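Letters are used for the chains, namely A, B, C, D and E, taken in the order the chains are written, and counting of residues starts over at 1 for each.
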Amino acid sequence: MLEIKDLHVKFHSREREAVSGVSLTIRNGEILGLVGESGSGKTVTAMSVAGLLPRRSCDYSGSIELDGTELLHADRTLLRKMQGKEIGVVFQEPMSAMDPLMKIGEQVGETLLLHHPEISSEDRYYCALAAMREAELPNPEDTYGRYPHELSGGMLQRAMIAAAIISRPKLLLLDEPTTALDVTIQAQILELLKKLNREHGISMLFISHNLNVVRKLCSRVAVMQKGILVEEGQTEDVWENPHHPYTKRLIAAIPTRTKKEAPDHDKF
Amino acid sequence: MKYAARKILMLLVTMVIVSFLAFLAFSLISGDPATAMLGTEATPEKVAALREELGLNRPLLAQYGTWVLGFFTGNLGTSYSYRMPVSSLIGQKLPLTLALSLLSFLLILVVAVPLGIRSARQSESRLDGVHTALNQLFMALPPFFTGILLTWLFGILLHWFTPGKFPIFSEHPGLFFWNLLFPAIAVAIPRIAMTVRMLRSTILHEMNQDYVRTAISRGNDRVGVLYRHVLKNAMAPVIAFLAQTMAEVIAGSIVVEQVFAVPGLGRLLLASIGNRDWPVVEVIVVILAFWVVLANTIGDLLSQRIDPRLRLGGDAR
Amino acid sequence: MNRNKKGYLRAGLILTCVLFALILLGFFWTPYDPTAMSGSEKFLGPSLRHIMGTDNFGRDIFSRVLKGAGLTAVIALSTVAIGAVCGTIVGALTGYFGGKVDAVLMRFNDAMTAFPSMLLALVLISVLGSGKYNVILALGIVFTPSFARVTRSAYASLRDANYVKSARLMGAGRARILFVHLLPNTMQVLLPALTIGFNNAVLAEASMSYLGIGVTPPDASLGYMLSEAQSMIASAPWYAVGTGLMIVLLIFGVGLIGEGLQRRNGGQRYA
Amino acid sequence: MTNSDLVLSVSHVTSGYSEGGFLSKRARREILHDVTFDVHHGEILGLVGESGTGKTTLARTILGMVKPDAGTVTHYTKRPQMIFQDPYSSLNPAYTVAWILEEPLRIFGKYDAPERKRRVADMLARVELPEECLRAKPEELSGGQRQRVSIATALIQRPRFLIADEPVSALDVTIQAQILKLLKELRDEFDLSYLFISHDLNVVYQLCDRVLVMKSGAVVEQGTVDDIFDHPKNEYTKQLLAAAE
Amino acid sequence: GDGSSQAGSEATQTGGSTGESVQGGEITVGIAQDLDDSLDPHKAVKAGTREILFNVFEGLVKPTPNGDLEPAVAESYVISDDERTYTFTLREGVQFHNGETVTADDVVYSIERCADASEGEPLVAAFSVIQSVEATDDHTVVITLSEPDSDFLSYLTTAILPRDYADEDTAPVGTGPFKFVSRTAQDAIVLEKFDGYWGTPAYLDKVTFKIIENADALVLSLQSGAIDLCPHLTATQVSQLSGDTYQILEGTMNLVQAMYLNNAVEPLNNEKVRQALSYAVDKQTVMDMIADGHGKAVGSSMYPTFTKYFDDSLTDYYTQNIDKAKALLAEAGYPDGFALEITVPSNYQPHVDTAQVLVEQLKAIGVNATIKLVDWNTWVSDVYTGRNYQATVVGVDASNMTARAMLERFVSDNGKNFINYNNPDYDDLFRQALAEKDDAARTEIYRQMEANLTEHAANVYIQDLADLVAIRSNLAGYQFYPIYVMDLASVHFVQ
């Protein structure tokens, strides 16, 4: 469904390519995990898909096709038609990613306003409420009229998800959606994503540097390092049998609850 | 509403402090109103008698008390030098200064806001550097210098207006504003440049915020982002800035009134300080301070209406 | 935005350096004695002999502008120095410690800023009397609150930085934290504020002298000269233009530096 | 267990923040409620709990940055230090690493310049940073390098007790592992005791000897790592463990 | 329209175009000083206020352009042989602007008001010789003096006010050819022709005095044609008026501009030093510099339009002589000069300009002079009343047309002796002059007093400033007076 071929992105202000030669596919209804160290180009890859590259300040090549539509080189008018409607994006920092002066509900409904101007504002209101309910926001009628600063991080992240799914996009890009959250809330959001994937068949690109999380959610995983895709495969395969040394290190570094080598209890 | 009430209370407190400080300052300033009034006719006996008559021998606090009491009963006192009620004296001057200040402020709004938005939108253009430099140049034009050039060019060489002539509003409203326009321009030019700069960088700052990326990801185009999201967000700091501008415009008027011989509050203030005509000075100081504090309070209240985060009771700025 | 980052700073520095070099030169040498009068050379237009022409006493305007700019610059610099030092100390104390002192001082600050700065300067000059030293003092006092405001907010925002806490844990004294650890970090906002302050000081001094309540002859600051020039605007427009231009260039140069500094910070801060 | 065994004892501490300004009345918001625990010599005590429960507040109270309303904090060592969660604001951006590392010694005031230089170089080597870092300003360093510099500054005065407030949560997983390893090594080398704050249970499990679990400003459970992880008694602890699975 | 200023000549000087005079019309007069003063003619203290109130008020007698007094509210008067009783017969049907007829009671009220000494000095100091004022009938007022005073009559130009009227301060009512209409502070004073005037009525229907304090703005207003008539311009200002919209009349200001010296402070208490300063100054250069040569040099405290008293031989008593000045300084013990602070009121440009020229001239003899500009009120309190200064450049004028008004102030114990002049001979002469009944002899004594001031270099005398009046080309009839007034009753449009 999504096909990234040989993607290169280089920012004018940087020496090194941020993304060099990444090729990826996401199949219908699949959740692909993208992991890698900070600065490895995960976000840039996702932004290229979403049409959010700052085109003036970087060079890019390759191709990105969503169901046969070329996105990377598409003009802004076409992109605008796809953005929000076909591709939804959920960003890492929900607080700064929401317009602080716009009501939550209006932000959730904004995609509809832009892509379906024919829908009356009343209908839009109900659609927004429905989407918020779907994203398991408690008490959506009340939340609709609130402003971002009045909500907790977890609620905001749900609102972001509601906004992203309101127009039933084919593809959802999730850029570290749980990193800023508490473990308990993190778990709830992951459940929610699983449910959406199950019930609506939305494909997802899930970016994280938390391998445990990726393992819980994704069927396939891709590993990036310094702009290069170093490994890709079924999650369990990669887990059990990492090939690339970086992947190996990454997995080794995961704090697990294995027994410590030398417990020194004698001090107690 | 609690917020508004608190702001208004603050305003009153500030006004009381200001009026008292002003009063205190007069007692420190060298020179005595009675001597000033008598001029070359002053003899010690005459001065003493006049001081008695004016109540200048009473303790400072008592004088202040009388003044405050009078203020609230609508009696602003009597000018020492003009021997007429301060209220009617100010009444003749205030409209002109207000008109001048409001006109400059209007000019600033009308010119600077579109220019600022434009300049932000064109921040990537090749000419941006030139625009910024020009903007800095305009910022460097002191109103009294611009004023002199304007009178020379339009008053003397081109005869577009008559320097020093300010027709009464009720008689020639058109001419009144036409003649005020030139001083207003002189006051406005550097402020316009500052406002453009402020708007530009605030908008650019907002443009770089994450929520703009979110908005685009939903399918907004640049214009939509600007008008639906960015401008609203840029508004709160801009309003605070404009409030400050509004406050400073009146100070700019004081100087420019001198350049264009506008018979407004500024000139009355300067003359009254020279004459040690404290009843007049006190009222003008209170009016000016009220204007400044009011502008800031209105700015705060407006920002707070726009930005729900401030409704928690925080301060704009 | 990136393209011009350095450009403004450089252009501003060059312009300002040239002007200050001229001004410095003016302290020791001017083409003519700036006070020497000549009945036969009244109101000469700009020429090679007198590049800015002469005034009603036949004095060379360029020489006077140099001297006047010198006085204006000295006043503005001293004013900024006083305002910045006092303002920084007040701002540091209130911003860092907060609490009641802060609240009271800031209320006082608000009351001070409720007077338009011109008015405050006027009142102070009435108390102190006119003349250049009093102008410096008065303007220094007038500008203190704005510096205090800027540094206060800088200090308040830095107060909770972790490196401050760790410095405290290590046993650093308050003065050391305020002026060794924190002061360099306020430069980002203080430097642009200094340029703005300088420009405001030039403007304020010029306005006051223009109104005849600042510097008095035979000291001639640019503002006083401009008020002289205004009365001759029809017969000697070059006088006003030359004098005004000097003010404009001074402010413009320093303004560019400020612009450059702010862009270097990438900050959008306003003093 | 004697008192000489303790580096810190916190007993019945209640603490919080004052709110409100000049004209509105000041209210005290209580964050910590009756917190009691000890830190023993040489141990790493983990502190877990969800965001906003008051873990940082507890650290501040221990270090005297927040005055407790009730209860006592007793230190048995001198100059306890802290490593902060955010490596980006824990180093003074105005100075070079060399200056930053030397500053604690200057404040300490016992050593002359060459001695200070020597100690700085030693410490730099100890936290495995290259020499050229000395001339760099913090902004030129990566997150992991910064956290190493923070650790070095915290240790250069040779404290015996260190509070680490989520020292790795802002870092990459691979870097996290390195820093945790370093912290462990330093414990033995410098004879340190830690209070290690984290919300990552797995990290705590790997590093700590004992764990405190906090919820809403109160300690709900404490015990050795094995006890807590294998036999959680408190409902909240169970939830946490389940979420971390 | 040549307004040469020899007062006392047979022709009344008038200024303006020739042509057929027209009744009616309105003009705007520019004035450089605000009337921030009481408008009560007895209380007004500023010269600028009195200058304008001249059109609104009259006394029993009033001055004429050639320096005489002519009956005004009084139709005639008789002075008794012992010069102690003045009997005035009031003119029939003189009206106040409020429509009421002037009665003897009003006159008595007005004179007594100015003679009241209950608050120290009376409003008109010379009225302290008044013993009684009586209305013998509705048309006759008798004033009795305690001792004869030959100058007494000239003080009776004091305005006659209606008796039961309380608002003179802000809405003055008098008997002059113009009546007061309104005042807007710092903006304008409006006068209208008074139809009930007893004498030759004014030509103009309405005169607006437009206040433009800023000398520069004044020029701009002239250039733009907003003003029809403007007195007291400087040569610089005049030089900027081009074209033939205006004609320029030249008179003098009727004042003595000098660098007044505080005779009581070091080193100015040394006569040689004062003389040295006088020798250092070249009056002509001053006039050239500040007024393109306009103005009349003076050598003592008397200005030329007072022809009767003016002694022209004193004018060139000190001609610039640097060597002599230096020698005098050396004799006085200041071979290297000294520092001198000249305090100048900032509100009048010619004085500021003069001071700047003086500073330059004094450099030649090593005197390092600096200017201290102060506002008028500071000048009054520091210099004039406080006498706390070294030197000051101002102009001193006469409040009425007597030599005494110019010379009395230098008597050592006079309250207005702001230069602290202390010369026993001078005090003696003044006593003699007061006692002298013969006019010629008294004039002679006054001239001796002038010479005394000059010889002892009481001040560095400079000039009577030129009074340049710009008047629109189609206006005529402007008259110069030997005192500081502006008479608009004779100004009229011409065809």
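The rule is short, and it goes like this: contacts are C-beta pairs under 8 Å (C-beta built on N, C-alpha and C of every residue); 3 or more make two chains touch, one makes a residue touch a chain.
Given the structure is predicted, the values throughout are model-derived calculations rather than measurements.
A.B. asks: Counting hops between chains that touch, how far apart are subunit D and subunit E?
C.D. replies: 2
A.B. asks: Quick one: which chain's Cα centre is the longest way from subunit C's?
C.D. replies: A
A.B. asks: Decide which interface, B-E or A-B, involves more C-beta pairs in contact, and give its chain pair.
C.D. replies: Ranking A-B and B-E by C-beta contacts puts B-E first.
A.B. asks: Per the centroid of Cα atoms for each chain, what is the distance between subunit B and subunit C, given in Å?
C.D. replies: Subunit B and subunit C have C-alpha centres separated by 21 Å.
A.B. asks: Quick check: how many Å separate the C-alpha centres of subunit B and subunit D?
C.D. replies: Each chain's C-alpha centroid was found; their separation is 53 Å.
A.B. asks: Based only on mean CA positions, could you tell me how far subunit C sits from subunit D in angstrom?
C.D. replies: Roughly 47 Å, centre to centre.
A.B. asks: Just how far, in Å, is the C-alpha centre of subunit E from the one of subunit C?
C.D. replies: The separation of the two C-alpha centroids amounts to 44 Å.
A.B. asks: Give the residues of subunit D touching no fewer than two other chains, as numbers and ranges.
C.D. replies: none
A.B. asks: For subunit C, jot down the residues that touch at least 2 other chains.
C.D. replies: 107, 129, 213, 230, 233-234
A.B. asks: By the touch rule stated above, which residues of subunit E touch at least two different other chains?
C.D. replies: Correct list: 214, 220, 223, 375, 378.
A.B. asks: State the interface residues of subunit B toward subunit C in the complex, per the touch definition above.
C.D. replies: Result: residues 13-15, 17-18, 21-22, 25, 28-31, 123-124, 128-129, 132-133, 136-137, 139-142, 144-145, 148-149, 151-152, 156, 198, 201-202, 204-205, 237, 241, 247-248, 250-251, 254-255, 258-259, 269-270, 273, 285, 288-289, 292-293 of subunit B touch subunit C.
A.B. asks: How about subunit D: which of its residues touch subunit A in the complex?
C.D. replies: So the residues of subunit D in touch with subunit A come to 40-43, 50-51, 143, 172-174, 176-177, 180, 199-203, 205-206, 209, 224, 229, 239-240, 242-244.
A.B. asks: Under the touch definition given earlier, write down the residues of subunit C that touch subunit E in their complex.
C.D. replies: 35-37, 39, 43, 56-57, 129-131, 212-213, 216-218, 227, 230-235
A.B. asks: Flag every residue of subunit E that touches subunit B in the complex, lowest number first.
C.D. replies: 34, 36-39, 45-46, 119-121, 169-170, 183-187, 210-214, 217-218, 220-221, 223-226, 375-378, 380-381, 384-385, 415-416
A.B. asks: Would you mind writing out the residues of subunit A in touch with subunit D in their complex?
C.D. replies: Against subunit D, subunit A makes touches at 37-38, 182-184, 186-187, 209-212, 249-250, 252-257, 260, 264-265, 267-268.
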